[in-house]
Each structure stands twice: as structure tokens, then as C-alpha cells.
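Letters A, B, C and D name the chains as they come in the text, with residue numbers starting at 1 for each one.
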Amino acid sequence: MVNVRDIKTAVKIGSLVLKNPVMPASGTFGYGEEFASFVDYNLLGAIVVKGLSLEPRAGNPPPRIIETTGGMLNAIGMENIGVHAFIKEKLPFLAQFNCAVIANVYGETVEEYQKVAEILSGAKGVHALEINISCPNVKKGGIAFGTDPDTVHDITGKVKQATNLPVIVKLSPNVTDIAEIAVSAQDAGADAVSLINTLTGMSVDIISRTSNIANLTGGLSGPAIKPIALRMVWEVAKKVSIPIIGIGGIMSPEDAVEFLIVGASAIQVGTANLINPLATMDILEGILAYLEVSDIMDIKDLVGSLKTERPREE
Amino acid sequence: MVNVRDIKTAVKIGSLVLKNPVMPASGTFGYGEEFASFVDYNLLGAIVVKGLSLEPRAGNPPPRIIETTGGMLNAIGMENIGVHAFIKEKLPFLAQFNCAVIANVYGETVEEYQKVAEILSGAKGVHALEINISCPNVKKGGIAFGTDPDTVHDITGKVKQATNLPVIVKLSPNVTDIAEIAVSAQDAGADAVSLINTLTGMSVDIISRTSNIANLTGGLSGPAIKPIALRMVWEVAKKVSIPIIGIGGIMSPEDAVEFLIVGASAIQVGTANLINPLATMDILEGILAYLEVSDIMDIKDLVGSLKTERPREE
Amino acid sequence: MMTVCKAVAAGNVASNRELIDGHFLMNVKLPLSLERPLPGQFLMVRIRGRREPFLGRPLSVYEFQRHVKNVTCEFLYRVVGKGTQFLSQLRLGDAVDVLGPLGRPFEIYPPNRKIVLIAGGMGIVPMTYLAGHYRSSGAGRNMKIICYAGAQNADALVGIERMQTCSDTRISTDDGSRGYSGLVTDLFARDLRTYDPRETAIFACGPRPMMKQLAVMLKDKSFPCQVSVEERMACGVGVCLGCVTAVKDDWGKRQYKRVCKEGPVFNIQDLIWD
Amino acid sequence: MMTVCKAVAAGNVASNRELIDGHFLMNVKLPLSLERPLPGQFLMVRIRGRREPFLGRPLSVYEFQRHVKNVTCEFLYRVVGKGTQFLSQLRLGDAVDVLGPLGRPFEIYPPNRKIVLIAGGMGIVPMTYLAGHYRSSGAGRNMKIICYAGAQNADALVGIERMQTCSDTRISTDDGSRGYSGLVTDLFARDLRTYDPRETAIFACGPRPMMKQLAVMLKDKSFPCQVSVEERMACGVGVCLGCVTAVKDDWGKRQYKRVCKEGPVFNIQDLIWD
């Protein structure tokens, strides 16, 4: 059996090397302040912060969240302090850890994405950008950027021009063919794709006959969506050669390993953080234990190792 | 308070009048034989049978199902006895009940859909057709029929030509814009749309590193998907004027009422039957009780009654 | 002042009984590492190892005691939905995870004031813990505490026993089945002019409409009044932004604050009630 | 012969204790309306009011008793995943829903044969119930029953006590820690030539590889052999087509049959093992 200390866990995202594949998902870890007392950031592969826009945003009115079976809906409405305040007030705190910082970027126009990317690239302590393309495209009547391959190509290319940081394009699952979108991102120069963002959903209070979310619809996350996320990672893995970061309902090390097996090089832990602030650490430890008992010396050997021919006798 | 016996529950689907909006979802009720000892079919709005193809189909190898958080994946592979055997061996049994029979239709080519529809239209005791367009289109390399508006228009039109029964088009949720597909179906003459079919998903056994489903992917159903189904019904309700049959994770009367509020005229109970054979009856009773305490004399007044302006004080 | 818990504490149910219809008193045994919650703070409570209910539920502390080998925390809660329903089914020994103490506590004013507590429904829980804190802390021992407690009817008046031992308690019920007939805010309104804003501190917790009415009543008065508000929560620790409520910032501009972090305690005049 | 249950029966756990590591014996009190399961039939068991585990789990009957006011059903199960894990946490009084009896039972041959039972692991459960049936039914009282029971090791040999009271029991363990050292099929193979196909009936239940080996062993022999096979199930009543296994039809053509309906009992020569 391999010794857990000898196991290679490094993951490359463009020019950035993460020491291991475990990071929180954007929007479930704030700007990294609150969880510093729970999690030793020095051990994480990276920290991914809440989505940032050019100007501060107030977000949606409450109620913003509701529990559903095996998950939750959220419609935070991209509340954030804006990219400038982030750099000034939040980044210095994160810079003290031996851990990559990935900034999640949000825009309502291609120009806003570009601008935010540019500003973040000039800031010391940001190591990669994650472009959230599940946002309503104001110019195109609120249809999400991430549902059209050409728009994705356009945004990705423009953001790449604006930065020399590795660019991760975060894909929306609310599409017919997510692999097609991923290929678009790759063609336009994305260093990696991350998926999935939330699935749009709804929940109704039958007494008042109103939505349980003030915004009417919200994004579904949590273990309920894990099967969909896994399938999408699998579909994308068959079509792209850049690294994939798997996201969606990861609650346990076993869940994370499933994502690695279908082709994710790294994973993000989202909603699980809201239930257990130690989730990222627990999952990292569990992945290492799995590698150990499975005699896998380098995590790369696990990535994409799904056997598609299934012997009947298990 | 209204008397439950005075409440109007009838629902019109094209020329067909269902006595109430509750029916099982295709594939979770067999051909209606097994549940006859649990459920009084005379009380149901309709019975929807397992999808029928022109020739018998053996279906996929096992394992075909796996539990997931708040739901399950299935890849039955459209096992069925074929439309001819159905008419000969199964239909006579169903004909004895005072209950509409809806046949779910499956094909690998547009011609097959048309043929099966034609054959069913000649059979006594079939009252409507539900066209399952979430099937792989063999001619188009296995991409599902239901993901392209033009194909949906084509199938719907061709099936309408082949039958004088009401035609319900059952929509796939694995699309970017389900309302667009629904509009296509309506334009081509569909009498109703039903949604949603299952979301494609995956589940991996991390010990053997194989899929838990021999077919690799399966369809996700159950309460996990309810928020997505509700949102899709809501989106479609804003765009079409034909009746909508809501499906997806309905486990309780409350769930069913949510679907009615966002715009479904009727509902189908799927996976819930597998857990509780009495699910359809329990849900029907509960809907009536809700109408009674809510003082709603006609179920039509509930359909689409979502208040989108939300007073803050609830 | 703010204290941060270092991890989820593993607890076990010591008792969980129905006091009156749909209202439960649950005692949970927890490790010594759990800090003493300050009045106004809350804990996120989850049934260990279950995904249903999925999220933790925020509960105020009704009573907290340190023992030699552990601490015990009492919760008083009403069954209103699935989460509280499942909590109510817990039995002796069942495992719960507890995160906390969380949130901004009540600011404890210097002891030269009369303390007025106004509790609607389950608002009695943090008010009782606050009253207990005043009584047990040396400073407050001789202070006058008046508590107004309201409920829908006499049967729903729960948890006021402990309050009665440490304060002058005045009761209202919506249907008049016990005490004053009407809203607890109306009961308090009758006495309002007897209180001097410079010598009184008001604390309140209850349903939003009650708090709103109180805000209207106190609008042009200079009473210091802190209220604890509720909002649906996911994380309880400030990372998800799910629990916001609208407040006026220092320049009177509307903005959202996290109930779990900047709250649950707010100054009543900062809250926006639309 | 097939009996159909009319509804889900509401049961309560009377006891649920761990016999050996990871193996539980659960006794459930159920209404009188529940029919007596025939040997080979199973029940779908679900924890009432929970969505996790989501689906019912098929369990064989280990023992069934009619009392004046209710019936009791005993299950013997091994914790292998989430569903059985949650079952193992049930305690006295907890509510479970039970659907059944379900499936095709063993065909009970006329009593002029020697009965050979082969049980691997938890396959002991239906074999024990079957042996009990033979012994308690008048016809079988004087029949010779030989049981081969195998497990991984002595510690995992569970549930054979009752078998021993009604049959000649021969034990194997993979590691030789008790009885014959090797697979239970190998143990049976040693005796095979002592049985006359015209005077013997074989019944078997166990892991798929064991059954496959048995099928190979019996391939060219004319023993009647019925086996109970397992497959993941959702409905248990035949509507979902989730539980199929490959069998040869009357013309030798491959087709799928529902384990919950046409099974779980099949003639071993009908099954396809690829």
C-alpha cells in the first residue's frame, strides 16, 4: 500500500499548479473571512471567492433561499462588494495563506467581464479567474451568456485578451449540450472549465400562492443535482482536453472521487460548506484515504478512469 | 367552506375530458395490471401506460436503476411488449374501467412514431396519445428528438396527421429553452404538453470504477428534480395556451398543488408510485382537501394562480 | 465581542418533550468546548448523518448550563414545517450537530435602566435567556425587568414560567383567553407613556408584523430598542448571503445585512419593514 | 398461487439488534392483514416518512408469526450500504412501511425427495424460512433436509442456529476458520455424487458468483434446482422494470425477467450468467 505522504495530488490549471484538487465553490465561502477559523487554508488547493462585478451590487430582496429535497434554491442576486473593494479590503487577508486565490467574475455585458478581469489581473494575490457565464446577458434580454456557444467563445476570448492569469470558464447546466459550450470555451483559449453552476428551479408556498424565493426562480444546488453534474462532467471530458473542475452536490469524499473518475481533474465543494464548515477539509482527507487504499500514487491516474465496459460479476 | 362533492375537478385535454387532474406517469405504472389491486382506477383522471414502440423491445441490461439523493436514476431502455401485443393483451383489461387510457408512444424515427400512433388510434379503448420525444433519434446519431424545436414540430405534425386522438407531447428537460420546444409542439397542433421527462444523470461505483447503470447514463426522477420541473412548467405556462400536464418529483398533494399554481392543468405521479402504490389516490384526495379548505369551487381557478408580486409580510 | 466557534459540536439529545401542542423543549448534551452563548445569539442545529432536513435550523438558546464533563443547551421550539417536525421526533441519545454560538448578541446596557422585554410567540425564547442573563450577572440583579408576553391564546402561551420567576410579566392573548385581550404590542402601548426613554431599554422578539408595529409605535421616541429578527438561513455563519434583511445604513441608505452575522439583533430604527 | 398485497402495511420495530458485526436481526410488528409470506417471497421495507433512503429495500423473511392482535416478521440483514445502514439505526417503536409479500415463491415439491439447501452469506435467510416451512408443514416433517451454509469466516456465520435445529447442517468458510475450508459450492461438490437427481431437490440462495458456479456444476445433471436471485429494486411489484435479470425463454432465447415478479425464484437452468 502506498504511503499517503508520497501520493502526488498536484493539479495544473493553465500555468497555475494547485497542490491538490480540492477548493470551495464560489458563493459558498464568502471572501474567505468567515471560514478562516474553521479551515486551514494552507491545506486547500485553492480558495474561490464570491462572484465579483465591476460595481458593488445589493443583490435580490429576501427570501433568497429555500430548502428542497436534497438541496436548496438560492437567488442571492450576485450581491457583492465590487471588484475594487474586494482588492482593497479582502484580498490582503487571503494573501497571507499559502493557497491559490481564484476570483469568480461576473458581468452583465462582455465589456464588464473584460473590465473586471483586467482589474483583477493587476492585483497582487489573485492566481486565476473563474468566469461565471450563467449570468443574465442584459444586452440580449436577460438570456444567460452561458447558453450560447458563440457568446461563450466571445467572452472567453475577450477575457483572455484582458488578462494573463489562467482563465477557468464556469459553465451553466441549463443547456441542451454542455459539451458544445465547453468546446467553445476551449477553442477561445480557456485554460479550464468548471461545471456545473446551479440548475434553475422554483418552489411555491401553497398557502400564500407565492414563490418561496422573492426573485421567483432560484438556482438549485446540493446532492439532488449530483447525478446531473456527474453526467455533464463525463460528457465534457469526452470532448475537451483542458482540465475540468467538477462541481455539483459534492458532500463526501466518495462524491468527489466519482467526479474524478468521470474526468474531473479537480473539484469544488459548494453547498456542503453551508452545512459543515469543515467540508473541504473532510473531503480532502477522504480523497487521500481513498487513493491510499486504492494504491494510486498519482491522482492523475484516477482522473477519467471510468471503466465503460462493465463485467457482469461484480 | 365549499363541500368537497361540489368541487369541479374536470380537465379538458383537446376533446378529452378527464374527471380530475391526477394520473400516473408513464413507466411507473406498467400497463396497469399490477396496481389494479391497490388503486381504484375508476377514480383516476387517466391511466398512462409504459411507452410503446412498434416492435417489442428487450430494453437495457441490468443494473438499470440506482438510488440517488432524493431520487433515482433509471435506464430501462424502453423495454416494452410492442404496440400490437399491448392492444391485444393489455388494453382489454384497462377498458373495463371508467377511466381514460393514455398511451405513451416511443419511436426511433418519425415514421415509427407515426405508425405507432396510427395503430393505437384504431384500437378501442385508447383515449389519447402521449408522445415521448426524449428518445434518441437514431437517424440523427442518437441526439434526442425533443431537443430541437423543428424536429418536435415535425413529429407533432406527423403524429397529428396519423390520429384523431388528442395528442400530448411529452417534453424533455435536457434543453436550454423548454418553452421554445413547447411552442413548437403547440404550433404543430399538439393538444397539450406534458413535462418533465427525466434529466439525464450518472452515478459511479468508486470501488469498481464503473457506472452504477449498465447503460452508463440514466434518467433522474423523484423529488430531487421537482424544483426544476416546477420552473419549467412555469416557463412553458407563460408561453403556451394549450393545457400543461406537470410531472416531476410529485410525492404529496402539496407538491401537486404547487404544479397547478404555476400553471399545470393536470399532473402525473411518477416515481412516487414505486414507493407507495397508493400515491395517486393519496394525492388526489389531498388535492381535494386543499381545494376545500381554500374555498376553491373549480380547480381551474387554482391553475396558474401564482402571485408574482410578493407582499413582504407573510 | 464576537466569538467564533471553531467547529461543529457533536451533541446528543438528553430529552425532547412536547410541552403543549406542537411546542417542544429539547435538551442537548454538548462538549465542554462549546462556548456559552450570549443573549441574542443562536445555534444552527442539524440531525447528524441525515440529508433530510438538509440545512441546519437556527434556534435561540433557552437555557445553557456548564457541567463538569459537558454543557447542556435547552431549545424551545414550535413545529412549523419539515425541519422542526423532524427535530420533534428526536429521542434520547439521538445525535445532533450544533454550530455556534452565532450572530451578534444583544448589547447589554449599563444597569441604570428599566428593562422592558416584549415577546411574541416563540420570541419568548431569547427574551427568557436575556432576562436570565440580567438576573445572574451581578450588575442586573437589582434591575427592574418588565416582560410583555403575547400569544394567540392561553394554550399557546409557552415558556413564560421561567420568565415569571425573574420579571414582572404581563400577558396578552389575541383571543383574550388569558391576560389582556389583543396584541402584545397593544398591551405595551397602554403602558408606553409610563416609561422614560432615558431610563428604559427595550428588547423585543416576535413575528415580523409585531416588530413592525413596535417600530411604528417607537418611531418618534428615543427609546433604545434592540430586536432580534428571523430570516431563513442556510449557513448561519455569513458566507452564503441567504439570510439578509433590509436595513438603513449610517446615511439612511437602504442596504441588506446578514441576519446571521450583522444580526439577528438590530436596533429597531435601522430596520426597513416594506 | 401468487398473492397480491392490498396496500402498504404500517409496522413498528419491536427489536433490532446487532447479532455480529454488521448483521442485524429486526423484528417488526405488523397488522393482521399482512398475509403469511411463502418461502422465497420478500417484502419491501421502508422507513416511514423519510426520503433517505428513498426507495424501499427488498428483504427476505427470516421468520413470520401470527399473534392474536398482530403478526411479527423477522428480518436478518447485513449492512452493505446506506439503506441497510439506516435500517440498522431503527429502534423500538420506530415506524416502517412494509409492502408484500411479493414475488414468486419456491415451488414446494412433493415430499418424496431429499431437500438440499445451499446458502451463501445472507442467502441463509430465505433458506432458513424454507426449511422452517418444510418442517412445520405436515408433509415435510419426515423429510431429510441437508443444508450447506457458507460464509467468509466463522465470525460472519450468522443465522445458522435455527437452521441447525431442523436440518443436517454442513458449514464452510472461505478462510477455514470454521467447518470446511473453501467455498460452499466446493463443499457441496464433494457430496454431489451421493445425491440422486430423481430423489433430490436443490434450493440455493447466495452471491451471484456462487450461484453461477452452482449452475456450472449442475449443468449436465437433471437435479431440479430453484435459486433465489437478487437485483436492485425500486417498486418491488413489477411496474418499473428496474430489477430484470437475463433468462432463457422456453425456446432458449435470451430475455429479461423481473426479479420482483417472475422471480426472485428461478430454475437455475433458466438463468443466464454473462
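Keep this in mind: contacts are C-beta pairs under 8 Å (C-beta built on N, C-alpha and C of every residue); 3 or more make two chains touch, one makes a residue touch a chain.
What you see is a predicted model; the values in this text were computed from it and never measured.
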{"item": "Neighbouring chains shared between subunit B and subunit C, ordered by label", "value": "A, D"}
{"item": "Of all other chains, the one whose Cα centre sits farthest from subunit A", "value": "D"}
{"item": "Inter-chain centre distance, subunit A versus subunit D - centres from mean C-alpha coordinates, in Å", "value": "46"}
{"item": "Geometric centre distance via CA averages, subunit D-subunit C, whole Å", "value": "54"}
{"item": "Distance from the mean Cα position of subunit B to that of subunit A, given in whole angstrom", "value": "33"}
{"item": "Centre-to-centre distance between subunit C and subunit A (centres being mean Cα positions), rounded to whole Å", "value": "36"}
{"item": "Sites on subunit B at which at least two other chains make contact", "value": "61, 68-71, 222-223"}
{"item": "Residues of subunit D touching at least two other chains", "value": "51-52"}
{"item": "Residues on subunit D engaged by subunit C in the complex (per definition of touch)", "value": "50-52, 91"}
{"item": "Residues of subunit A that touch subunit B when the two form their complex", "value": "68-71, 73, 147, 174-177, 199-206, 208-211, 214, 216-218, 220, 222-228, 230-231, 234, 249, 254, 257-258, 261-262, 290, 305-308, 310, 312, 314"}
{"item": "Interface residues, subunit B side, partner subunit D - complex", "value": "27-30, 33-35, 37-38, 50, 58-59, 61-72, 74, 76, 79, 222-223, 251, 271, 273-278"}
{"item": "Subunit D - residues contacting subunit B, complex", "value": "4-8, 46, 51-56, 82-83, 97, 99, 231-235, 237-246, 254-256, 261"}
